[in-house]
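Shown below is the structure under consideration.
All chains are identified by letter, namely A, B, C, D, E and F, in their written order; residue positions are counted from 1 within each chain.
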Amino acid sequence: MKLVTAIIKPFKLDDVKSALQEAGVQGMTVMEVQGFGRQRGHTEVYRGAEYTIDFVPKVKIEVLVDDGDAVPVAEKIMEAARTGKIGDGKVWILAAESVYRIRTGEAGSDAL
Amino acid sequence: MVFDSANLDAGATAWVLTSSALVMFMTPGLAFFYGGMVRGKNMLAMLMQNFFALGLISVIWGFLGYSLAFGGTNPLIGNFDFVGMKDVATMYPDDPTGWFGAFVIPPIVFMAFQMMFAIITPALITGAIADRMKFSAWVWFLGLWSILVYSPVAHWVFSPAGWLFERGALDFAGGTVVHINAGIAALAVVIVIGKRKGWPDRVMPPHSLPWTMIGTGILWFGWFGFNAGSALFADGIAGQAFMNTNMAAATAMLTWLIVEKIKDGHATTLGGASGAVAGLVAITPCAGFVGGVAPFIIGGLAGIVCYLAIGLKKKLGYDDALDVIAVHLVGGILGSVLLGFFADTKINPVVGGNNGVFIDGGSWDLMADQLVAVGATLVFSFAVTFIIIKVLDLVIPGGIRVSEEDEEVGLDLTQHSEVAYSFAERS
Amino acid sequence: MVFDSANLDAGATAWVLTSSALVMFMTPGLAFFYGGMVRGKNMLAMLMQNFFALGLISVIWGFLGYSLAFGGTNPLIGNFDFVGMKDVATMYPDDPTGWFGAFVIPPIVFMAFQMMFAIITPALITGAIADRMKFSAWVWFLGLWSILVYSPVAHWVFSPAGWLFERGALDFAGGTVVHINAGIAALAVVIVIGKRKGWPDRVMPPHSLPWTMIGTGILWFGWFGFNAGSALFADGIAGQAFMNTNMAAATAMLTWLIVEKIKDGHATTLGGASGAVAGLVAITPCAGFVGGVAPFIIGGLAGIVCYLAIGLKKKLGYDDALDVIAVHLVGGILGSVLLGFFADTKINPVVGGNNGVFIDGGSWDLMADQLVAVGATLVFSFAVTFIIIKVLDLVIPGGIRVSEEDEEVGLDLTQHSEVAYSFAERS
Amino acid sequence: MVFDSANLDAGATAWVLTSSALVMFMTPGLAFFYGGMVRGKNMLAMLMQNFFALGLISVIWGFLGYSLAFGGTNPLIGNFDFVGMKDVATMYPDDPTGWFGAFVIPPIVFMAFQMMFAIITPALITGAIADRMKFSAWVWFLGLWSILVYSPVAHWVFSPAGWLFERGALDFAGGTVVHINAGIAALAVVIVIGKRKGWPDRVMPPHSLPWTMIGTGILWFGWFGFNAGSALFADGIAGQAFMNTNMAAATAMLTWLIVEKIKDGHATTLGGASGAVAGLVAITPCAGFVGGVAPFIIGGLAGIVCYLAIGLKKKLGYDDALDVIAVHLVGGILGSVLLGFFADTKINPVVGGNNGVFIDGGSWDLMADQLVAVGATLVFSFAVTFIIIKVLDLVIPGGIRVSEEDEEVGLDLTQHSEVAYSFAERS
Amino acid sequence: MKLVTAIIKPFKLDDVKSALQEAGVQGMTVMEVQGFGRQRGHTEVYRGAEYTIDFVPKVKIEVLVDDGDAVPVAEKIMEAARTGKIGDGKVWILAAESVYRIRTGEAGSDAL
Amino acid sequence: MKLVTAIIKPFKLDDVKSALQEAGVQGMTVMEVQGFGRQRGHTEVYRGAEYTIDFVPKVKIEVLVDDGDAVPVAEKIMEAARTGKIGDGKVWILAAESVYRIRTGEAGSDAL
């Protein structure tokens, strides 16, 4: 099994979710994160003091998939999340040694 | 009795109008005082139960409640003289005693001021039933309770025709009518609706105490209208009531924090807020009848007694979620009884020489009346409330309580299809 | 006309001072009512647009606005008698009709009370243009609109010299001047500035409804000053206005929730709040002119009509972000027209026998005047507002609207270099 | 001196009761104004330091503070006439000058109004010492400071027997007694307690500016009671004070934002709020003594001067966390001095012909008195405060400051065993 | 070393934590996440507009363990987190190449 | 490619970020988490009821790096995040099978 992980722009989450649903993905887990990278952050002013915030809000998506689906899923995510502007984010794939469904204890593909 | 506008005192009218607005503001204040203490998934439901009282009770008050509370001269219940806003702009209730004859504000201002009390009283109950009642059940309960419990008790105590009023029982701003009444009703409802899922094993800490603190600020602020406005004049008695209100709240905050520090090792923000409210509750019946150091004693005791009363619920095993009983029932009884010690004709001629035990020329007579008033309110309110809620539990399909699953998900989503917070930026 | 301090009524003065403070408090209340509904990245910008009105409009009012609204006897526009605070402490505007002659409060108190109306009226517009206007554009718009639109309309309706006032059109506390005026202006601005990026496809749910609810509480509280303060006396009319205000808000909350429950299957917290505000808007022109059950009818209709009016924006395709048009424009028209049915000389002699259609001795005469007032306000306000905003859009480099990118990032960071919340502890 | 209730003016009483409630509400307002600016881990501690002042100072005021501030005829300090609430309901302080003889409100109302000033003054200091003082240390400091610093200075300036009052120094609502007094005390405390860990290298941005904005709204609202209530009558002077208060706040908001825009490139929400408060501070001593365009000048200067004063702390290296010194000390001095230019007998006979420099018939005499009052307050308050806090730092085991570790974890958990927010749903 | 990761129902966190403590686990890291899967989300209403929120609140737990402990720990989590209702969540195991304790620089098992 | 993951004390984030920037790291993703471990949590009091919160706020950092950079980057993080007090946190390294940049679709090192 593989764990496909993506960092995307928050307002792209809906598009990515729909794309994955169409691609038959049954589930995913998302969380708010903050990203640092080429995309510039912002300067804030507080009572005359300026300071820069390098981090920009992003959303992280984790999707467990069968080995063969990893790359296609990664590509689906990239298509859906792409705006072409700096800061679109990354996708990476990790190998998961085993996966279980808590409710049933099922393992592997059946756990998805 | 037609109000003679020649008697109108603009200063008193200005003060009671202001006070009515202040008391109205207390209901949102209460909503946030409680709202901050519940879990985030039930925040809006708590706010809504309180705000909805502003809507429903106002309408009921206009069409029926005011008339039932103040109309006519029957000692047990009002009549229909003022039903549907009839004559409320021009007339005071008929009144042989001449009580209303001394008023210097337009009748409709008196009605408005009293309305705000009718609104906040049942709202106090929301703290006890937090996190588990269907909104539909609350709607029915709220309306029935206001008509069947609030109006009668208000009549007994606040109407010059009421049997407790006639007896000589004193209640300046609602120790019995508001706090004991709501507090004992809360107990009845809690018994019927049962414990929150997971209580007491699961900790259910406040989701946002700053809301509770802003609610506390609003309550303290509004309570000046509640108590000092109850003078219905802009005079020294109003001033005394104002001062007593503040001093009782302040002292109770201190004593609550001290006991807390001793028992738990920490003085908490919530403790400070809770103490202040306990003091405000206890001083309510006494506000315009006592003077000197009495407010410090009353408030000081309230802070200690109410704090200790909180321990009861775990012992007795009823889940009074936000301690309405410990603060309003216990605090209300405490204040009503202490008034039997400290009521002073020098402060307010209405005491009519019937001074409290500790005041020169005092006796136990007033105390007797106070105990009757407390007892009568306890029995009547508990009984009728219990019947109302039991009936509703039978009549409403599935009962008054939400399903286990809905309770888990939270009332905001399941009762109102809303969430209190969506900080995550996704659009 | 010099105010003779022998006429001063301390009670009335106390009430109008209090009311002025209450109305001032409504603008922060409005800021939070709206602020809770926008996305978190635009929270501060919404607050700032409203708070800034307190700053800018106050100064404009002192130097020009008050004089333009109340100075002199021209039916169309005021004059410069009171420019730069000249004589405002001692004199009322010249006035053949003797209207001001009957006042019992110091002129400067009247000016202060009216100022608060001038502040909150344009602030109402912020709800429509949420999330996309440059702060600089708002600053210019706010100032120009107050001078070119608010002061003239206020003169027509509130000044005894104004043509609508003379005609006999009634507006107790600002149905035309405040709500219709701001509501139709909101439409003009929304047409020019266009839709929020992603609207209506992207859902943009409220980021924190508790803010909206505390705003609602403050608005309801402050509205007592707004409406009952408009009596300018502390008397029965003020009391009637106070009562009507509360009853309309309450009834509208109930009817809105009922319709919502029927149509959407849920009674929402935001629905309760929106209904209350709709009722407050509709009763505003009527507050001191109607009695009996009229406020329930007016409020009840407001809750239904305004709820349904919200559907229009999607149909017509204009993005009135927080429904200023459905609530203030529609609610304001509704109230101004219903006054033509319910105005009652028995409640307020100012009605001058020109009773509403449904009141004994009533006729359609008043209705005619009401319709003229509504129509005149709609036409004038829309036209001038449209010109102002169009001109600004051309004059301001890049127009009145922020860039797509800035809209995506949010106004807080791009307009004010701030963020509303940083809960993450990193220092 | 017994108050003759024949002199009672219900309108004035209504207004001062209302004002007392408004000023009480300012302390919660201040708590949130400051609370929003601290880091989330110190939110409750900030709220608690302020709310606790309501508790402790009220009690102290009743038992000692009021008597020390207003009792007797000694020019330097009051006496024990009113200790323990003795005679406060019936008597005003003895007073040869006849000052109190002119009062038309019950003595207890005057005492209540003054109490609210005694409460909020030390509360202002919490903004300077944010995030690092032990709660126990604050408790001791608060009580001692109120008795040893506040009461004496209040006596000098507000009591007709006070030496500064007699001298002719003017302070309408507390420029010296409240703002300079608290501001210079804040400096003394800050010097002793030292900088927040990490300051100035680590940025410590506000954790939730919406709290700060609602606090600003409450402060502005309450300040009408603070300043216009200080007229102690419901008349034209109260009206003038009300107007001046609003205009100074408004103008200061604008000038602060302009300077900020020029210097930092952005007009911030916090800047708007800070400017408004700076204007409110500066107008406080002047409110009922100046007229015409004076409030705009006073407010306008306050917005600029206080903004620039914020830069000082980094230069001088003292960590006045939330700029109490720049806003209250600098703003208070500015207002007290500007009063020497703009005080006008035509506006308020109390000025007694001793007009300010810029007013016809004016001279530098008043200015001299103002400078003496400012100087005396600065020296006395700084010295006594410094001694108090130094002594406490020695007496309290481990000193007045929390441990490095506790500061890192935050005051909410370490001082009060609470957290402000738990949004995560886990029960 | 292995990284055992679990997505569970938030109110189960306490039970899971206790179970792991009993099992001798020394530490863990948790975070709030939102899950999409078989468990239905909720519909929200905003001024007459209905929309569905597909994501439900979940808690993510990460536990570093020695290779041998991975499966037992995963099972402990499953037992403790199971309600038998849809939405109980998933557990998966990743291989961690190396683990360090920041304070001491210790590596491998000693770092736990 | 490797995914270096670290759990650190929140107030150390700035130092770690600077250290990584100096080390030439182009980007990273961070999130708020709560940690359980040797470092004690705190007791809270609610209306007389005491309860302990075992979790303490931490920040999680994820950095994608080329294989060779993993250990040096881990060491840089440890240096920067170290206070020497209990609770400094952990660093671990996972193997990422593939990495993409969403904007361009670039893969591997070019995606960083």
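Note that contacts are C-beta pairs under 8 Å (C-beta built on N, C-alpha and C of every residue); 3 or more make two chains touch, one makes a residue touch a chain.
For clarity, every value in this text was computed on a predicted model and none was experimentally measured.
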Report summary line: Contacting subunit B as well as subunit C are chains A, D, E, F
**Report entry** Separation of mean Cα positions, subunit B and subunit A [Å, integer]
**Finding:** 51
Query - Inter-centroid spacing, subunit F versus subunit D (mean Cα positions, whole Å) - result: 46
Query raised in the report: Which subunit E residues reach two or more other chains?
Result: 11, 14, 31-32, 44-46, 50, 94-95
Report summary line: Going by residue number, subunit B touches two or more other chains at 9-12, 14-15, 18, 198, 202-203, 205-206, 214, 218, 234, 264-266, 268, 270, 417-419, 421, 425, 427
Requested in this report: Work through the pairs of chains, note which ones touch, and then classify the graph as line, ring, star, complete or other.
Outcome: complete
**Report entry** Interface residues, subunit D side, partner subunit F - complex
**Finding:** 198, 202, 408-409, 413, 417-419
Query raised in the report: For subunit D, which residues are in contact with subunit E within the complex?
Result: 424-427
**Report entry** Contacting residues of subunit E [partner subunit B, same complex]
**Finding:** 11, 14, 42-46, 50, 53
Report summary line: subunit D partner, complex, touching residues on subunit C are 5, 8-15, 17-18, 20-21, 24-25, 27-29, 31-32, 35, 43-45, 47-48, 51-52, 54-59, 62, 84-86, 88-89, 105-106, 108-109, 111-112, 115, 135, 211, 214, 218, 234, 412, 415-423, 425, 427
Query - Partner subunit E, residues of subunit A touching it in the complex - result: 1, 3, 17, 26-31, 64, 94-103, 105, 111
